[in-house]
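Each chain gets a letter, A, B, C, D and E, in the order it is written, and its residues are counted from 1.
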Amino acid sequence: MSGALVFAWSGVLLFGLGLFGFIAHRHLLRRLLAFNIMGSGSFLVLVGLAQDGRGVDPVPHAMVITGIVVAVASTALALVVFRRWYRASGRTDLPEDT
Amino acid sequence: MTWNALILFGVLATSLVASAVIFLLAESRHTTRSVFNLAAAVVKLLLVGWIVWGVYQNIDYEFRFTIIEGVDFILRADALGMMFVGLSSLLWLFTTIYAIGYLEKAPNRSRFFGFFSLCVASTVGIALAGNLFTFLLFYELLTLSTYPLVVHRGTRESLRAGQVYLYYTLGGGALLLFGVVALHVLVGDTEFVPGGVLSGLDPSLHPLLIGIFLMMIIGLGVKAALFPLHAWLPMAMVAPAPVSALLHAVAVVKAGAFGIARLVYDVYGIEFAFSLGLLGPLAVAASITIIYGSLRALAQDDLKKRLAFSTVSQVSYIILGISLFGPVGTLGGLVHLLHQGLMKITLFFCAGNYAETLGVHKISELDGAGQRMPATSVAFTLGAFGMIGIPPMAGFISKWYLGIGALEVGMNWVLGVLILSSLLNAAYFLPILYRIWFRRRERLWCEGKVLGRFETSGWLLLPTLATAAFALVAGVLAGMPFSPLYWADLIVSREYLP
Amino acid sequence: MSLRLVSAALLCVAVTVALAWAVLDRPLPEENLPDRVAAAMPESGVDHPVTAVLLNFRSYDTLLEIAVLLLAVVVALALREAQPDQPEAMGLDNPLLRAVMAWLLPLILIVAGFLLWAGSYQPGGAFQAGSVLAAAGVLLRLAGVTTAWLDNATLMRAGLALGLLTFLGVGLLVMIPGAPFLTYPLEYAGTLILVIELTLTLSIGLTLISLFRLTPPYADDPDEAREQAGKTP
Amino acid sequence: MPWLDLLLGLTLVVTAGLALAARDLFRAVVMFIVFGLLMALAWVRLHAPDIALAEAAIGAGLTGVLLLDTLGYLRRPFGSRVDKPGKHQ
Amino acid sequence: MIGLWSVPLLFALPLALGILSLLVTPAWRPRLIFVGLPLLTLASVDVLARLVLEGPRIYELGGWEAPLGINLVVDGLAVGMILMTTLVASLCALYARVYLRDYPASSSFFWPLLWLLWAGMNGIWLAEDIFNLYVGLEVMGLAAVGMVALRATPQALAAAMRYLLAALLGSLAYLLGVALLYATYGTLSMAGLQEAAAPNATTHVALALIILGLLLKTALFPLHAWLPPAHGGALTPVSALLSALVIKGSFYILMRIWLVLGPEVTPIFTAQLLGVLGAGAVFYGGWMAWRQHHLKQLVAYSTVAQIGYLFLFFPLVTGTGPEAARLAWDGTLMMLVAHALAKAALFLSAGNLILAVGSTQISHLVGISRFRPMSLFSFGLAGVSLMGLPPSGGFTGKWLLLHSAILSDQWWWLIVLFLGGLLSAAYIFKVFRMSFREGPQIDRSITPPLTLDVTALILASASILIGLTAHLPLFWLRLGSAFGAG
């Protein structure tokens, strides 16, 4: 097992863990944490798996940098909406209406 | 695009354009709207006359463009189609005149006349459709454009009627769609060809073809008010009189009957349909509807309801004629398409006149109406005689040929049906006539309005008398060129020749 | 144990197992993209492969990614204006921190500059430099230093827009000789990338600062905030 | 078997678990920031120093600050201008 | 030479306008459409002209060939979607310019969001690179979320939050799928994947993740819960844009990837499953739409239902004969375009009706047909297309799908199309019924500006006309696809 594969494996676990948190939690901040952990997991899978058995690959590196920026932008956007929602309703979770 | 194609498209376009313009006109522009509407109707009638002459001389009129690969939009003028076009354009003119008078001072006229013209456009489209796809297109358009007319009054009752109407027609339309798609898969674009296009198919497909036929007959039978798919028709009588007159005596129910004619003659082919054993059951269904409709009519006190059940019964004469495997029966059925239209619209006009002028809707209140409104009552009498089939009225001609046609193919029981239904017709029409002419009015008419110089508004009276005259002339002068009988004969000769 | 937890657990296990299967069963690819990158490096105008991928080979991705960042700011601006926040005193107003900042700031700027410049031949680049800039901005705010230029909404927005506009402008400019979008001519590639990176650094830094504040800076001043609130009926 | 990588990977998963399971929200966010820094280490191990820089600065740093800031927002008492706090739609 | 320009302009121009509209004052933001719309229309038409005259092509961004650089694919499908976007978004923009006048100044942030959304969508239509699609999805998705949140009411914020969570989860699943595909094939280019794709566990898991992620973004039943509040609660032009275009973005990607991976990789079971979910959407969405009391919620649930039809594509195209597959392709695209036009028209005219009566309740529409015939007429035309009645794009699409289902001996989809049509008739006529009712009279209704009615009418008429002239657009859409020869 190469080092890269180890990280791919932990990426898999992180994704699963994050998914669990994303669904199980109600508090929106916690769900955002979970989302970020899922994101990190998929980045690890992306780079780890691509580099397993082969050399360093700059393309996934660039993709992950893009991904990190997209993730932070999404998180920031989510936090903006969340703060407004909290101020308007006083709630930290979404109403159950489905 | 040839000149002929343009003329043909013009027949459709006159009412389409009229509809669009009327929708765009402001509600208050009554005069402009009426003038435009009448002008469109007259132009259409002239174009139709032109094409009828051309079809008589075997000129080809065709308008087509491709919609998707393998599916064309086709308009084509043939003898059968032109018969229906002629009927609807003639009656459109009269009904428009009638409706202008009938709806004077009523709200929502822009909407009414707009959809009314759209209905006529759909009817003309149905008649001119050159393949099943185009037919289906206009058939559904007819459903959509009649719904606003049915619910026009906006009362709870009319909304309910509209809903029932939709249940039936949309369901029927969906079945028809499946039939059309299935036939399309089997034989490609199903153009209407005398003698049909299916007889060459592999015998193993015959059960499938029977199934498709059944499905499509149900789809078409809904509009033709074939028992037991008729329930929407009497309910739809809540619509204003001109709607009942044109749409439920002519456009909608005839569209169903006409569709059955197309299906039997030009898609399956009468011989092929006969060999599949489809015609017998169709004749039985038509006969049941004839008797059933008459029986139900007998029990109605509401004049329009009685006329509606009478329509249920009479439209099936056409279907009966179609299902008789022989030229004479066909002749009877087709000629009845015209005759019944003329007679029934007269009756509905009269019913509207009584309701509008005297405020009378029930038969039991018609006592002495003949003295108060002689001209309308004469028209009503002519129409009723025609329905019963008293010579020399138009209805007699139809029944005569139907009877002979039935005897010719050995279906003697049909004769019994005809006689029974005529008796029933007499049973539900004669009492009305008796009340109109021979009973005295006990109370005063509760009329508050004076509608013009005549017994009622001229707008209402003129079309009534005109259609009554047409119904009379069609019977008396049946032997003349271009009479309904003559034209039906032309169709039959072309249909049975190949 | 609620239904939600059970379903979350089930889904989590299912996805993890499927992923594990996918990782175990993975065949090695035939295509070798790193080799292609290495082969194309001389034509890229920079020496660092990741920078080459980010700003040349796959620069279109980066362009759209900046758009994503900008989007977050737009939404923050929109919501801030729609529902002005309570004016709040920002900053710790700590004299020590302020003193430290005075020393730290030049250092941070130097680091950012180094990261940006280094990006062309070793790890570093616009994003890293931009985030360092942002860190400087955040620290300034925490220290309670009022920076007039940061409070100027127009200037701020111009700064936000600069990077993306330059990127787009360069992309379109190079099309004049007839090349596809974003095709840098070889002799100018290095310069153009540096220009783009420079402006991107500035924009990314400003974007991240505004994201941190979730607002344009003007709403910090209570009077101005009230005025803003008054403008939005 | 690269023990160091294995250990780092395991720590990552554990930290993430702690961040998700922490009862206290503040602790969760702090654990998340720690997680981000460990991620940066992982990127270094994966020979991806660019990502490591980005992760440390943006992933852990900025996201962490954003989360902490929001946390402060949640704990801040609302003034009178807030319309009916606690109102559920 | 111009052809080289118009392709990048399709996304560069909206991006630039997005930034510019952020820089100018709120009053100037709407006015940028007078620059943007003509130019974008010109670029779209130019792309179409070039497609028809010169055939499909690949556009190499930065001059780098596919696996190394990012390519754009300018084939019939992409160009068709671009034209659809241009038409719908332009009319929505014209509508919004008038509509938003009554809203607070903060709603002028609609404009930068619109341009960025547009850029994201055009990016998606043109993308040939699966990671680029991810970034495009994010641009489109976040812009859409921002638009939903624009109203800033508690309901809008909750809807936006829900939508955002769904979108984020969907993107991550998609991204992980991309990661697996890259690890397996070493390429992100669709052309490369098409060549290399082989049935193995990793590919199947990747496909499953991509499907799940995109289903969530497309809001296919039972993953639709976020859609009705987001689409039904947003500002009217936003609802129209989201329902007509945005959900199509993720469906489009799924369709492309499905075809790229090819019949060897895409299992028939999954195809049938997607069809079953589509059927579920048709029934559930139709039923829920019929039960709504809120006009825009009804329209939003109608979107849930209509999405279902699109997913019949998968069972009809997988493992069936070439003729049935071609018909399925034609039918699905016809459905897609017709739904885009009709749903935009439906939302816009629903917005007009709501403006006219000042209430969102369907029961308050009593007698409205007398006062707002034109709004109702647009609603009706669009309704005809949604019900799949002739003559309309919806009908032509349904016809093609029926044809395909019969040809491939999958009669069970006929039932879906049959009942789905009747259900949609039920909810469309529910509105009509109310509008024809002559109840307690409302003597006055507010007359919305003419622009609002005209834009809705144009869209509604387009949804009808596209059905009558389907031949040509379908031919163009096939250019450069696997079905091009047919």
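Going forward, a contact is a pair of C-beta atoms (placed from the backbone, for glycine too) under 8 Å apart; a residue touches a chain by one contact, two chains touch by 3 or more.
Predicted model only: the values in this text are computed from it and were never measured.
Path length between subunit B and subunit C in the chain contact graph, taken as the least number of steps between touching chains: 2.
The chains in contact with subunit D and with subunit E alike are A, C. Chain-level centrality, scored on Cα centres against the all-protein Cα centre, points to E. Most remote chain with respect to subunit B, judged by CA-atom centres, is D.
Judged by contacting C-beta pairs, the busier of the interfaces C-D and B-E is B-E. Centroids of subunit A and subunit C (each the mean of its C-alpha atoms) stand 18 Å apart.
In this assembly, the C-alpha centroid of subunit C lies 30 Å from the C-alpha centroid of subunit E. Separating the CA-averaged centres of subunit A and subunit D is a span of 11 Å. Residues of subunit D in contact with two or more other chains: 48, 50, 54, 58, 62, 66, 78, 82, 87, 89. Of all residues in subunit C, those touching 2 or more other chains are 19, 23, 26, 32-33, 37, 50, 57-58, 61, 65, 68, 71-72, 75, 79, 83, 127, 208, 211, 214, listed in ascending order. Residue ranges of subunit A in contact with subunit D, taken from their complex: 1-4, 6-7, 9-10, 13-14, 17-18, 20-21, 25, 27, 29-30, 32-34, 36-37, 40, 43-44, 47-48, 51, 56, 61, 64-65, 68-69, 71-72, 75-76, 79, 82-83, 86-92, 95.
Taken together, the subunit A residues at the contact with subunit C in this complex read 5, 8-9, 12-13, 15-17, 19-20, 22-24, 45, 49, 53-59, 61-63, 65-66, 69-70, 72-74, 76-77, 79-81, 83-84, 87-88. Only residues 15, 22, 28, 31, 35, 38-39, 41-42, 45-46, 49-50, 52, 59-60, 63, 66-67, 70, 73-74, 77-78, 81-82, 84-85, 88-89, 94-95, 97-98 of subunit A touch subunit E when the two sit together in their complex.
Residue ranges of subunit D in contact with subunit A, taken from their complex: 1-2, 5-6, 8-10, 12-13, 16-17, 19-20, 25, 28-29, 32, 35-36, 39, 42-43, 45-48, 50-51, 54-55, 58-59, 62-63, 66-67, 70-71, 73-74, 78, 82-89.
Those residues of subunit C that touch subunit D in the complex are listed here as 50-51, 86, 88, 115, 123-125, 127-128, 131-132, 134-135, 138, 208, 211-212, 214.
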